[in-house]
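Just below is one structure, and these are the notes that go with it.
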């Protein structure tokens, strides 16, 4: 079956991203397809490449990035939500005149239409939030 | 069509659980996750509400219940599932409403 | 591809958190996709639709006028839960009057808001393909 | 010593308001801010609770009430303050407890 | 400078949000400042202290053992609200047994947890200089 | 009177930072001193320099940065919370081996002791959160 996932909260503050990650892993292990993971609201903060969590704790942005690499997951970060909150890929940073950027590998920035498309193309959409 | 409802908030701090019960029709399933698992424990008002919600299936995410140290407080009649079971519940129902 | 039933479930008050605003942004983008769209306002979500919001003093943008534009986007199934209004001491008169123009009836102006009981709304929700929660 | 309590959550979705009332002793002030201002409106259970909390002063942050379009629904006996008034309340009480 | 009364007010369950963990991190750092420290556990905050937390399956670190180290940091006024426990169907037996050693009584081991009513805790709260809320 | 402020939530998602900002402005206007603003939990996300909110909306990180400049405000970002969530100043970024950083002018990263000190040194501490 084809799933999509929406994540509304950033890493650590709420469990939403953790639960979504465990759900995604279990879905893939069970042979389901994940059409897209859409990061909205503070969920965009999961896409940072600058996190350095304590060594005895999980690295949530990295877990997503690795899961994406291993399973060719489409991790989409909402551009409007990202701009409000300071998540930038290298191209967007250049456009905005910033020398720095902070988007992790495996994530891409795109529009809200990607969420609607995920709803249309998937058999199920599951929302994780707070 | 059948609906899977998820609740991730404590029934003692948030109205999400109560609101969800108002929307859980016969044949639907309510899955308690994250801080929602507290509703699956005994000896409180949430347990009574679950007992009275006939026709609705209740499940709880085991990993979240264990994390909170409340496995031995699980109320009767609530099915424990792991993440794979969560995935199965999503697949078995026609759609999912998350009561955030 | 068949049209799907999308329901946007709005349960958060405006301004205290961003969910109401960013949910509305999805609705506006989603309107271009020609799906079967409903909005549900439940619990504190009913506060999103109050009349007379004035946000200058809190420094935020007043986005409430956008709800009245939804009719132009063919978003005209706006369910407001009766019990949630009553619990808060509100009536429909406290909410904006949202309308749309029915192309099939010579652009007659019709109400977009449907005041429904929790039980009725539960039936509508159970028919959805996709519930987007914020 | 006197305490200023702030509540920033809706009384209809969260227990924070009820919990705060349990801690608001005689002579203290409860200031409703952000989504907490809904407790300052008429015709609901929150208004009744405020009426019954004798000995406690209630105030509401006007800018938040205006933003939510509910100025005309303000319940009796609740003082409206602006941000300057919020600052004054903090200064006038010995400490502040935020019921987040 | 006079010692101030600091109260850490814990009202959130663990793991669902980070507040409980990051609050504990403040308590540990704050212990070095030799102030008069109390911890209050109210509402879902009482869940922070449950015995037998096992977090492997959710992928988070189990930080609950740290509470039992608080006594070593001279943090030994731990107020647990009776009404909150009862409402949740819990008793003190469901919580960790937290102790400290009293230097003034030949290091006698004493209970750190004080089970108090809401009204008693309200009195303690009213005497604080600083309430830190998470 | 001497105030300190603690902010537990990031910009936009919750009103906490907005309310704290209005409170800080009003306190300064009334002649009070603000000893410190301490950003904790997701509050650290207020310190980003990469945000580009819509033009008709407020720019919360910039508002704080400007208020700091005008009033010599001490804006402290908790280092432990910041590392978890990917907020980095240029020095910390270098230490961690990152080419990019995202901390805005006017903010500084420091330890939790700064929060306790704020409690000790101030007449009042006010917490804004969710």
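Per-chain numbering from 1; labels A, B, C, D, E and F assigned in written order.
As a working rule, a residue touches a chain if its C-beta (ideal position, glycine included) is under 8 Å from a C-beta of that chain, and two chains touch if they have at least 3 such contacts.
Bear in mind the structure is a predicted one, so any value in this text is a computation, not a measurement.
K.L.:
From chain B, count the fewest steps through touching chains until chain C is reached.
P.N.:
Steps on the shortest route: 1.
K.L.:
Centre-to-centre on C-alpha atoms, which chain is most distant from chain E?
P.N.:
C
K.L.:
Give me the two chains with the most inter-chain contact pairs.
P.N.:
Ranked by C-beta contact count, first place goes to A-F.
K.L.:
Taking all residue numbers at the chain A to chain F contact, is the shared part over half or under half, that is, same or different?
P.N.:
same
K.L.:
Between chain E and chain F, what distance separates the C-alpha centroids? Give it in angstrom.
P.N.:
27
K.L.:
Could you please state the distance in Å, as a whole number, between where the Cα atoms of chain B are centred and where those of chain F are centred?
P.N.:
A distance of 38 Å separates the two centres.
K.L.:
Report, in whole Å, the distance between the mean C-alpha point of chain A and the mean C-alpha point of chain B.
P.N.:
26
K.L.:
Please list all residues of chain B that touch 2 or more other chains.
P.N.:
Correct list: 8, 12-13, 15-16, 34-35, 63-64, 82, 95-96, 98, 100.
K.L.:
Would you pick out the residues of chain E that each touch at least 2 other chains?
P.N.:
Those would be 11, 15-18, 43, 58, 60, 129-131, 133-134.
K.L.:
Note the residues in chain F that touch 2 or more other chains, in rising order.
P.N.:
Residue numbers touching two or more other chains: 8, 12-13, 15, 19, 22, 41, 57, 80, 125, 127, 129-130.
K.L.:
By the document's touch rule, what are all the touching chain pairs in this structure?
P.N.:
A-B, A-C, A-E, A-F, B-C, B-D, B-E, C-D, C-F, D-E, D-F, E-F
K.L.:
Which residues of chain B touch chain A once you look at their complex with the stated criterion?
P.N.:
Spelled out, the residues of chain B in touch with chain A are 6, 8, 33-35, 61, 63-64, 82-84, 86-88, 90-91, 95-96, 98, 100.
K.L.:
What residues on chain C touch chain D, complex-wise?
P.N.:
Answer in residue numbers: 11, 13-17, 43-44, 47, 50-55, 57-58, 60, 62, 64, 87-90, 94.
K.L.:
So in the complex, the part of chain C that touches chain F is made up of which residues?
P.N.:
So the residues of chain C touching chain F come out as 15-18, 58-61.
K.L.:
List the residues on chain F that touch chain A in their complex, please.
P.N.:
10-13, 41-42, 45, 48-54, 57, 61, 80, 83-88, 93, 96, 98, 100-102
K.L.:
Mind listing the chain B positions that touch chain D in their complex?
P.N.:
Touching chain D: residues 12-16 of chain B.
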